[in-house]
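Each of the next two complexes has subunit A plus one more chain, namely subunit B in the first and subunit C in the second.
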Partner chain A sequence: MAAVASNSSAQLTQTPARRTGVRDMPWLNAKFVAGSIVILLTLLFGLLGPLFWNTDLAYTASSPLNLPPAWVEGGSPDHPLGTESNGRDMLAQLIVGIPASLKVGVVAASIGMAVGILLGSTAGYVGGWPDHIIRTITDSVITIPSLMVLIAIAAYVSMPDTTAMALILALFAWPGPTRLIRSQVLTLRERGYVRMALLSNVPTLEIMLVEMVPNMLPWLAASLTGGISGAILGETGLEALGLGPTRVPSLGMIINYALNSTALVRGMVWWWLPPIIALVVIFTGFFLMTIGLDEIANPRLRGYSNVK
Partner chain B sequence: MAGLTRGYLIQRILMWILTIWIGVTLTFAIPRLGGSDPTTAMVLAMMNLRGYVENANQIIESYKQSFGLNDPVYIQYIRYLGHVVRFDYGFSFARFPTAAWDIVTPALPWTLGLLSVASVLSFIIGVTIGSLMGWRRTPRWLQTILPTSLTFTSIPYFMFGIFLISIIAFKLHWLPATGGYSMSVNPGWNLPFIKDVLLHAIMPLLSIVLTSMGGWALGMRGLMIGVNNEDYFLLAQAKGLSPARIFFRYGIRNAILPALTAFALGLGALVGGSTLVEWIFAYPGTGYTLYRSIQDQDYTVIQTITNLMIVITATGVLILDLLYPLVDPRITYKRSVSS
Partner chain C sequence: MKALRSSINHVPITLAIVIATAVAACGGQPAAAPQATQPPAATNTSAAAATSAATAAATPTTAAAANPMDYLNADRADTFMIDQPYKLDTFDNWNPYIPGNAFGWGMSEIGMDDLMYLNYGDGKHIMWMAEKVDSNADDTVWTLHLRKGITWNDGVPFTADDIIYTINLQQKNDKLTNHFYWVQWLKSVEKVDDYTVRYTLNKTNPRFADERISGGLGVFPDVFIPKHIWENVKDPTTFKNYDPSKGLPLGTGPYILAKTTTNETIFVRNDNWWGAKTGFAKLPEPKKVVFKYVGTEEVRTQTAIDNGFDSMQDITVGALQAIINQNSKWHAWYDQKPYAVADPCARIISINSAKKPWDDKDMRNMLSDVMDRKQIVDIAYEGSTTLAAYFWPNYPSMKPYSDLVDPQVEQDMLSPQLAKAEAILKAKGYTKGAKYWSKDGQDLAIQIQVPEDFIELQRIGDVYVEQLQKFGINATEAKLGAVYYTNASTGDYEAQSNWFACGSVNEPWTTLNQFTGAAAPLGQAAKGGPIDNQWRWSNKQYTDIVAQLGVTKETDPKYLDLAKQAITILYNELPAFPAAQSRKIVPFNYTYWTGYPTRDNYYIFPCNWCNLWVVAMTKLSKAQ
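This part shows the complex of A and B:
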């Protein structure tokens, strides 16, 4: 009997210690950290690349045509990843294209986030008819097939640069954050500390920024990373269809040129595969960050073994 | 239709109209805010192509005259809404005597078929995987295998399609690479044609289903984990009900409601993504037609397809919304209180 008791008490002292270890640092979620590292590395590739490689080679007729990568028969060490049919160097295109795609995604998602915070907190906090209007419009816009509208718009408006692209993508980047923030504000509004601040006559804006936003941080971050990859998806879709800015090399443009020049049939794997790998790495990175952040925000998702 | 009250019906139909109105208004307004109109855009594109166009200004002017682009914007807008309601967009720019609508209609069955099968399939598979991942009593070996099915989740549909074409069609020659059916078969209700159509549909279907099911699975996993700790769930286990009954009737039945809402909300993204899939596979649906009309600068056809897909998506959401009371007991309950 005594042995059983001591055994269980040992377990009791052991389990909370392990659990508090997890709770103390929720941001050290494995998926979130792995995703962040992946995104950081792709960013570094784009930022440090120009120091080691001549990015002028990313433009038409700067290199010999149709060279395979250096490790394949007929390849040249001057163009380690090969060149394509318009005389662009693949490595240089990737170095220019990766940060360009990331930039569009970040700008579009940030605008969407800002609008989402504004509308979502208004709807959740003020309630009443503003809430009703915002919620109805948000629910409508969220079901519109955004890519169709974007295609129709991009077919008319020639995209001068990536900023215009980001602005147009931001048109559909706000409903997701708005919905999320509204529901979060609704639950936060009933919390004790928010009521306390209300009773203390703290200005509404201060309650939102000081009391609410810090408590929504993991949700906001998850929504942002999800939004970035959504925007990059829309961007590459438009570019792959040939509707992006044509002057700036971007990952979607490489895919567009490769498919239009029948790179698939010609077996020019080194042309269509690198931009796709780059995008898959970017999407996987943001995806890991998003589900990691979801688990940080909502401990139940960490799996039942931790919760019980 | 126990739970389908008139108020709910009217509210959903108003949402349907609002969604379509916002969608078509955005496609009308944004290009004009940017100060461009279709005729100028078309002539500019002609200039890009051929270097020089004779009497460019006259062409623009005469087009503007015949399409009524010199009228005030609000009159253009009202006329445009009229087009939307009647699905009449006039003639195709690129293939003039043909009406834009007649170019789009042959493509419609292909897209509707692909979309409906792909969306339902990916939802059912995703929900099943997710529920099993979130259920506490799923066998260990299954728990370890299931996450591998999420491998392709973060890859865009059409990029996965490029992989499939290059490997399955060009390397292994297992399946036809592009198109909706072979030249060698006669379109119609005969067995060789149906078999051929199905063979051509496998890869487009796979590229949508394999990449989109992971999203449903992840969401469903979270919902199922929540249900695991509910009292009624524990009671069902304590009563000694069969695992299958607990899993379906007590688990999925209760956890699936938010997933259905997510499905309705995700329909738009699916429609957009499948457009690109059709383009990659040269699948003869509206997405591929859209791509060709972008190449031809055929603005009336682009407009027709875009607005049509907005209407189709909104209708899909409406159908799901109307089916929702059938599965959600709480909406039924609300009705019995009010009536």
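This part shows the complex of A and C:
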């Protein structure tokens, strides 16, 4: 990163008026900051929620059935966001469900990213037959309609908790990062500092992981946030189809139970709408982070049209 | 990166569409309790007439019959629409012997006839293709007398030859339905004349004509096949039996299969149906019957509200409330809770007795003690079924046998016995930690498998898992696809929420017999019933008693005593235990049709996915 930053600064010396602007502090990118705040607040809701609310109410048979929110006639202050047909409190479900969904996204995307770094760096830096093999496999896997395969796998694999779900999603989370990292490595390996390291007999693995990977951090971060969104979307899709864990609530599971219990036609808005709003907020947060990181990594997107 | 951004760009848009669609579909207000109105009275049926199809006979059809295929263009008012909750995956497989066949998409229900049907309402038989069934003094020789004038839908007479051909084919081929039944019971079957069949059994069987009806399966073979078609088939286990242009699948029922897709099957009326021609029954009024899959329960519910269905398969309480709140023409069995008609198959939790620690009867009893069955009724069923502690339905016809259950055992089952459960665990060396009971450093855990497409069983599993968790057993639930059924057979499960003790409706033997036989080895498919059992529970004493019960007449003084002995062992060992009486919420739409079975006119069980549905079709009339 230091190399990229200093490189960029050198090229921008022709426009001194911009030196003190916000755009010269890329990590303060407004979209990235806004997205980070949204995700942070979402995380805090899940992390601090249990301090203020009894999360045991998120489980089946813990509350009265079908209560509307407290502000609607028939509602109860004991269940401010209402309850659903299995006797679960909606507020407690959101407090438990939001971090559970985030966890699946983070675990799946992190595994995908780790595999992507390993394969992408190898393919891009080593080249030759390892590159051919990795590229062929990656290009093949990326064309597979992952949701269909995930549905088939999920139907046969027992998923008692969200970890199993995350591992299944990780099966298809690595080709994207692999491609991205390979293309970045192909350009980075021609840079002077990499050639210098090579001339200094620095081991290949060290060049890849110590010299090159740190210089790809913004791209990796953008890819990771995008990957988290993708994994959460995949998880929600599988769970909404009824293929996820059943006990610990997640956002997709809440939607699945709402669908199975015809919450839509029963007019139980308080059941199906909150998880959708939570997902919209999470996706918006990660989306802002991703485009913010994209701009951080790519000065052209910040308006530096004269950057070569 | 662009692609990444592009794909992420779609996420909020997709969700916005979801929200917009959901808002559009939303009914607005929570569904209120249904009005206690009665469905319109049937105009052409009566309870008395319903008990015997023969007495409900109509004038023989004499008018010139229309070409059945013309009825494909019948309008909505002449069409009967039946809801199907699942997709038809193999729409070109109509061989009743190949697993996954499409027979249940209308062929069993309206394309075929059975010899006789059992009306769960009064426990009486409705003689259909059979005119009479009788036996000798020791029930080893049974004689079936067929009605005259029965024909296949291609005009070929249905005779004793078809019945004998079907049975012989099944008996010779171990891949065909009923093979093991016939091998076990049948010594020979012979034709007396075209309308009379004589069965000679290996041993006395007082329920020969009855036991197969008990599961709603029809008497004798479930599905007869036309000899003049099948005798030219090389391999009956691969023959698809599908070519509507040639009249396949061929049945004797009042409707002919005209068209299939993955979402629907369309049947058209055969005006030359033997039942109407002989004056035995009324020609059904609907010219076309469509079995249709439209999607999730949300979509099914909305379709019903929009009069897209006349009859629905089992739906949830919430869906029913939404339907009757928005379309007053729909009526369930009851207009107030429990809404539902009692289903013949009680819901149970099956335990695999071949897996430790569940091979210990005390541990299985402990699992039953933890179960709060009232909570299951209140939450999993939202109050739409009744509390009971039996492996069989709580029908009046079963009361003499329900009374054989030890009253104390029954009473204990109706409420959780946590102190008893704790005592069992302590005696077995378990100690209670912060969260779970454990032994030798290992938490006591159990996984309960549920079928992913069976919401009722899932909801039972959901509630029971929480009860076990609260008690201190690390219970989890696994929702599985088709592998759920494979696991049941091969023993790859610890516990399952299911209905596999199903069978008895008016005698105890059929359900008790499910638990007999040797325990199939793990990994090897269990054949069920007397061959070996899926619970991997084997008790020789029990098997012997049930075998003796099987050859004893109900009028024999020993009968109740034998039943009591078997029931006592079963409730003591609990290879499975009852979870709830099952129910079916099966509403009917009175917009276009009337004459449905109701609680006041219970002429047949209101099951549009059962063989007996053909009886209801002959009773329907156009709504005025």
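Simple rule for what comes next: the second predicted complex is superposed on the first by the 282 of 308 C-alpha atoms of A that agree within 3 Å, B and C clash if a C-alpha of one lies under 4 Å from a C-alpha of the other, contacts with A are read in each partner's own complex, and residues count from 1 in each chain.
Heads up, the rule we're going with is that contacts are C-beta pairs under 8 Å (C-beta built on N, C-alpha and C of every residue); 3 or more make two chains touch, one makes a residue touch a chain.
Everything numeric in this text was worked out from a predicted model, so none of it was measured.
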Clash or fit, subunit B versus subunit C on superposed subunit A: clash
Would you sort A:S223 into first (subunit B), second (subunit C), both or neither based on which partner it touches? second
Between subunit B (first) and subunit C (second), which, if any, makes contact with A:L171: first, second, both or neither? first
Quick one: classify A:R247 as touching subunit B (first), subunit C (second), both or neither. second
Return first, second, both or neither, reflecting whether A:S140 touches subunit B, subunit C, both chains, or no partner chain. first
Which partner does A:L180 contact after superposing on A: first (subunit B), second (subunit C), both, neither? second
Under the stated touch criterion, which partner chain does A:V280 make contact with: subunit B (first), subunit C (second), both, or neither? both
First, second, both or neither for A:T262, with subunit B first and subunit C second: second
After lining up the shared chain so the two structures overlap, which partner does A:S85 touch, if you call subunit B first and subunit C second: first, second, both or neither? second
Touching A:T60 in the superposition: subunit B (first), subunit C (second), both, neither? second
Could you tell me which of 171-179, 477-485, 567-575 or 603-611 in subunit C overlaps subunit B after superposing the two complexes on chain A? 477-485
Doubly contacted residues of subunit A, that is, touched by subunit B and again by subunit C: 155-156, 158, 229, 233, 242-243, 259, 264-265, 267, 269, 272, 276, 279-280, 283-284, 286-287, 291, 294, 298
Within the complex, subunit A is touched by subunit B residues 15, 18-19, 22-23, 26-27, 30-31, 34, 36-38, 41, 44, 136, 153-156, 158-159, 162-163, 165-166, 170, 218, 221-222, 225-226, 228-229, 264-265, 267-269, 271-273, 275-276, 279-280, 290-291, 294-295, 297, 299, 302-303, 305-306, 309-310, 313-314, 317
Subunit A-touching residues of subunit C, taken from the complex the two chains share: 1, 4-5, 7-9, 11-12, 15-16, 18-19, 22, 25-31, 296-298, 301-302, 305, 316-319, 321-322, 326, 375, 378-380, 382, 447, 449-450, 452, 455, 458-459, 461-463, 465-467, 469, 476-483
Per the contact definition, I'd like the list of subunit A residues that touch subunit C in the complex. 59-62, 65-66, 68, 85-87, 155-156, 158-161, 176, 180, 219, 222-223, 226, 229-230, 233, 242-243, 246-247, 259-269, 272-273, 276, 279-280, 283-284, 286-287, 290-291, 294, 298
Within their complex, state which residues of subunit A touch subunit B. 136-137, 139-149, 151-153, 155-158, 168, 171, 229, 233-234, 236-237, 240-243, 255, 259, 264-265, 267, 269, 272, 276, 279-280, 283-284, 286-287, 291, 294, 298, 300-301, 303-304, 307
